[in-house]
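Two complexes come next, and they have one chain in common, chain A, joined by chain B in the first and chain C in the second.
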Partner chain A sequence: MASGTGRVCHFKLVLLGDTAVGKSCLVVRFVRDEFFEFQEPTIGAAFLTQSVNLENATVKFEIWDTAGQERYRSLAPMYYRGAAAAIVVYDITNKESFNGAKSWVKELQRRGDPNVVIALAGNKADLHTKRRVEYEEAQKYAEENCILHMETSAKNATNVKDLFREIGEVMYVIDLNQMSRQLGSCPNPLLNQKGKHFRSYREPKNNDNKACC
Partner chain B sequence: MVDNNNKNNDNNKVFDPWGFFRLEMAWYEIPTSEKTLERQEALDRKRDRKWAAMTHHAGGLEVFCAKASRKKKLKERVRKGVPRAWRRAIWPALLEVSVKPERSQARGAASYRAEAAREGITYAALCKKTAGDPPRDSVRDVIERDLCRTYPKHRLFETKTESTGVASLRRVLRAYAEFDPQTEYCQGMNYVAALLIIHVCGEDSIDAARRSVNDPTRSITRMRSREHLLTLDGSAEEDAFWLFVAALKAPRTRLRDLYGPGMPGSREALSVFDALLADSHPALHAHMRRENCFPDMFATHWIVTVFSAQFPFALVARVWDQFFLEGWKPVYRVAVAILAAYEKDLRAKDFESLMTFLRDLPDRVDVDRVFSLASKLNIKTHTIDKLERQFKLPPDDDDRHHPAPR
Partner chain C sequence: MEEADAQTVEENAPVAAFPWLPEGCEAMADGEYDAIVMGTGLKECIMSGLLSTMGKKVLHVDRNNYYGADSASLNLSNLYAKFNGGAEPPQQFYEALGHNRDFNVDLIPKCIMACGKLVKMLLHTKVTRYLEFKSLDASYVYRNGKVYKVPATATEALSSSLLGLFEKRRFRKFLMYVANYEHGNPKTYEGHDLTKETMNELYEKFGLEKATREFVGHAMALRLDDKYLDEPALPAFEAIKLYCYSLDRYGKSPYIYPMYGLGGLPEGFSRLCAIHGGTFMLNRSIDEVLFDKDGKAWGVRGGNQVAKADIVLGDPSYFPNKRTKVGRVVRSICFLSHPIPNTNNAESLQIIIPAAQVGRTHDIYVVMVSNSHQVTAPGKYVAICSTTVETDNPTTELEPALAILGSIMTKFDDVVDLYEPANGDGSQDHCFISTSFDATSHFETTSNDVLDLYFKVTGARLDLTINADSTKGDY
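Right, the complex of A and B next:
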């Protein structure tokens, strides 16, 4: 609460990824700080909002949590269209879901908003004994595509807030960037720090889980 | 996934009269839906005799309804709600009663079962063929992931052992995917199948108890005690399967159209709903449009599961009573009535509050009010037909026709 003084920025964020990778669980963890072992499948999409307080601003996310089954794919465009940010989720214990994530990233790059900020989330990081997708592999892919990457666990809350905060920071910087461009003024100093790297990646913080990296 | 411990805790758990587990409060303390239920049960007692007469009519419902006046009577009675104890017998029968529009001609579970049998297909054979561990990333794998996520708070589905609803649901969904490879499995079907399993295989000992006790307070204590809860009658599973097949394939209900690749039927139905709302409640519809709030954004699960995913069973069961007899018209009527019931609230809301309100609506919907409004809505069959033709999509169309939200 110390922050959030300045502006409030609103952003549309969409979650994409195969069925049962934990999209809804991630959102529920972020928004309500809860976890349900038997989270029901999402039919269509669910809408939620949550804010992140940054140093100089509050970022308010309007979140669309979508259905993951292939069958529902034709409905997805209406949710990612116009989205400023997207979290593409895979399950680190399911190789196929990582391939699914790659195809979602490709689809976003091709058909999403040209400036969409993409984050790749390797969820279920608590299940490291069943890992099928190596951290390095996903990290390499993320670097090549200039997208954020983090491993998360909706179950034990690892990196969930951090992921949204990270995206929030990037969004805020982009917002400032656009404003200053509109005003014709010099870019904000913050931009020099982060702006250039707004599509970069970050090592998972808070990583007490050795097997994660 | 298998959890045997649940059983031991049963005594501490409280289930509502529909078989859903409640943690926070005793079931009789809350929602309108359950108050509705109590009243419904008092009514049911009165209606029992009428339904007994209809179902035990020599030759069944179809013969009972041979006279047009009787058909009208049946429709009226179904709209009031089939008594709970009768759904098991009545649902398959309703699908076999022929009603007016030609398109929604009668075809029921028995007919699909017989047709399959002529081709040498039986439920047992389908189950046998699909038994065993699913290969990774097959459709059966998707089904497997949804089994424990379907009605996780329902008594028949909360324990994940064999001989529970979960095992029945697994067999039914796998058998269907095998039976109809074009449709295979689409999320949403899990709720429909589970709903039918609950109503066809759920042996409702509450009903027996209820009939013997007239004093409502006594019946509450009885319902809360362990031996009066829903149990699973496995022998009825095959009936549930063929009713599921009929619900998907019958010309009247044709759920199968919703679930195919690209889900064109779901998108058509959402467009029809949108147009019907515009017709009957133009101001509300215009307001929602202005706020960029479209039915696709909140009502996809209403349509794809015919309300069965999130709404209270007090509403779901009554919608399905009418669905089996009349097809889609009553479904649209209820969808419009749900919004109409909250028109004043909705018209005061902006995009975000609209979306939040509609998201949370299933938990607190006033079931009585919805059905009372629905019964007053004048939606014509030919209007629905016209709209269905108008919005017809080629199969597996992509997203071109879709407006982007904001």
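Right, the complex of A and C next:
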């Protein structure tokens, strides 16, 4: 069962975070490998799919970006429902957005699937001269909360693919665990979040000092 | 979008005071909109979704802190609170029923006709991509105190104990006629003119017994009363055709139902609206709709916040002065620890009790769903009975339905007023008001109300010429 070659796993992934931290830019970078200095507030990027190829499997993400319900904290439960993974984004040049990220993590823990895999992305890492959130501080918070953490730049593509790949790998392992636990059950992973009790924790690739253009 | 660019407002500058803002008030959200929608019930969410896809700037508010208004699906604690003045349920309540989050109990139970108008709207807007549906196990009808599967295929007709031997043949002939009939192709009419002939005359020609007419009219054509018998047959006939056609597509019953409850429907349309730039504010009470001196609505006020729009739309609860009470509906939400007896252990089903069977004017409806649609904990079932109130003692009117459920663990009763807009077509006052959800257990009347509302607001008919056979919207 666990040979996995050519296996395709489907997962719903949601993005959360304060406005203008770069959620849509991260998605667009990941899905289309593009970046726009003047990314319109989310419309087109709100629902996209993209795959990452792992060694013996393909992880296909159904990516839900926020779109306007988050502005007054009015996201529909549907947004969280069935989400196997979430990327909570903050802007490393904006301290307030890091506080926002922490409250989004709380919201997720309250409303999402109890076993949702959470990744914290400190975006705009290319703007390190304007940094207001230290890598160590965010890393410490991530460790305390057992969540993944990486600094990214949608602008110069640093760590964007890596972030999704990292999540993909965690999801793949969870999927295998799940498979071996409930053989022959419902094939739709979105309907089948039960029985999953894998907490993700990975050593993040240390990228704080990674040179960028 | 282009518009937003043209008038970019500096992020941190104090909010520009709009000339129309009343003394002492500030702008609600962005202040100026094309449409303000109040209440996140299904009809309002479909409307805000459609309006935003047309490029209108929409502000959608709700006084509750959850989506769905009357068409919400609630977890156990919210459900208990709603019927007990906001109180927390006692621990025994959870012990008996299960985990709070396993429950998504509809306040208004309905099933979706698989090839009906609501599905067309879901496909048209591609909201299907956000939802997952599963068919309902069965559709039943009540006769003489017992429930029977609605025989809607030739094979079922043959084996149904609902029909006598000769009636089986006649009914089968009728079903064949339904299947072959194609409106616009006179070759298939077999001498009938359904635009003139009444349904009674058609039944007569096929020699169908009164009892057969009863389940065909109420459980298949989903007529609300018997008026259709003396009207031209075509509309009811098309409804029977739709039933058979939907059944043919999905096998077990003609109905589908979303995983996690009907509350997903308004949420799905709200997502559509948000993606097209709509703004949502839950927990936002509206104190009044604002009118100019000619009585035309121009905005709404909640606290000291005001928003302006040309179109003001909402459910009747937001327009206390512009609605007429047209009746009452009684609903009982019943929790069971077993499937409904004599239904072949169906995990989900609909039962229609034709009015005449129990000496009433209005049919009684039962919708039962369970863990197979992720709306209850495993082993628990929720059956919701509803009907239009006819007496001063509404809850007793549901007794025939309660009697077929077997033992009931616990039950919540609700009697609500039904309202219709009292402001004509809204062209005078720019208020567009939906109608309360009726007692029927399907969405056909709801869909018609949305189509009417769409016409009132836009002056155009919504094009639904989409093929309801394609089960998925494209991505």
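The criterion applied here is as follows: the second predicted complex is superposed on the first by the 167 of 213 C-alpha atoms of A that agree within 3 Å, B and C clash if a C-alpha of one lies under 4 Å from a C-alpha of the other, contacts with A are read in each partner's own complex, and residues count from 1 in each chain.
Just so we're on the same page, a residue touches a chain if its C-beta (ideal position, glycine included) is under 8 Å from a C-beta of that chain, and two chains touch if they have at least 3 such contacts.
Computed from a predicted structure; not experimentally measured.
Q: Thinking of the overlay built on chain A, is A:R81 touched by chain B (first), by chain C (second), by both, or by neither?
A: Touch partners of A:R81: chain B and chain C.
Q: Does chain B (first) or chain C (second) touch A:E96, or do both, or does neither?
A: A:E96 sits against chain B, while chain C stays out of touch.
Q: Now for A:Y72: first (chain B), second (chain C), both, or neither, which partner does it touch?
A: both
Q: Touching A:K12, do we find chain B (first), chain C (second), both, or neither?
A: In the superposition, A:K12 touches chain B alone.
Q: Which one hits more chain A residues, chain B or chain C?
A: Touched residues of chain A are more numerous for B.
Q: What part of chain A is shared between its chain B contacts and its chain C contacts?
A: Common interface on chain A, chain B vs chain C: 40-41, 43, 46-47, 49, 67, 69, 71-72, 74, 76-79, 81.
Q: Residue numbers of chain A touching chain B in their complex, please.
A: Per the stated touch rule, the residues are 12, 19-20, 36-41, 43-49, 62, 64, 67, 69, 71-72, 74-79, 81-82, 96.
Q: What residues on chain B touch chain A, complex-wise?
A: 136-137, 142, 145-146, 148-150, 152, 186-188, 190-191, 259, 261-263, 267, 296-301, 304-305, 309, 352, 355-356, 359, 396-399, 402-406
Q: Sort out for me which residues of chain C touch chain A in the complex.
A: Residue list for chain C touching chain A: 1, 29, 66-67, 129-132, 259-260, 263-264, 267-268, 270-271, 274-284, 374, 475.
Q: Contact residues on chain A for chain C in the complex?
A: Chain A reaches chain C through residues 40-43, 46-47, 49, 67-69, 71-74, 76-79, 81, 188, 190-191.
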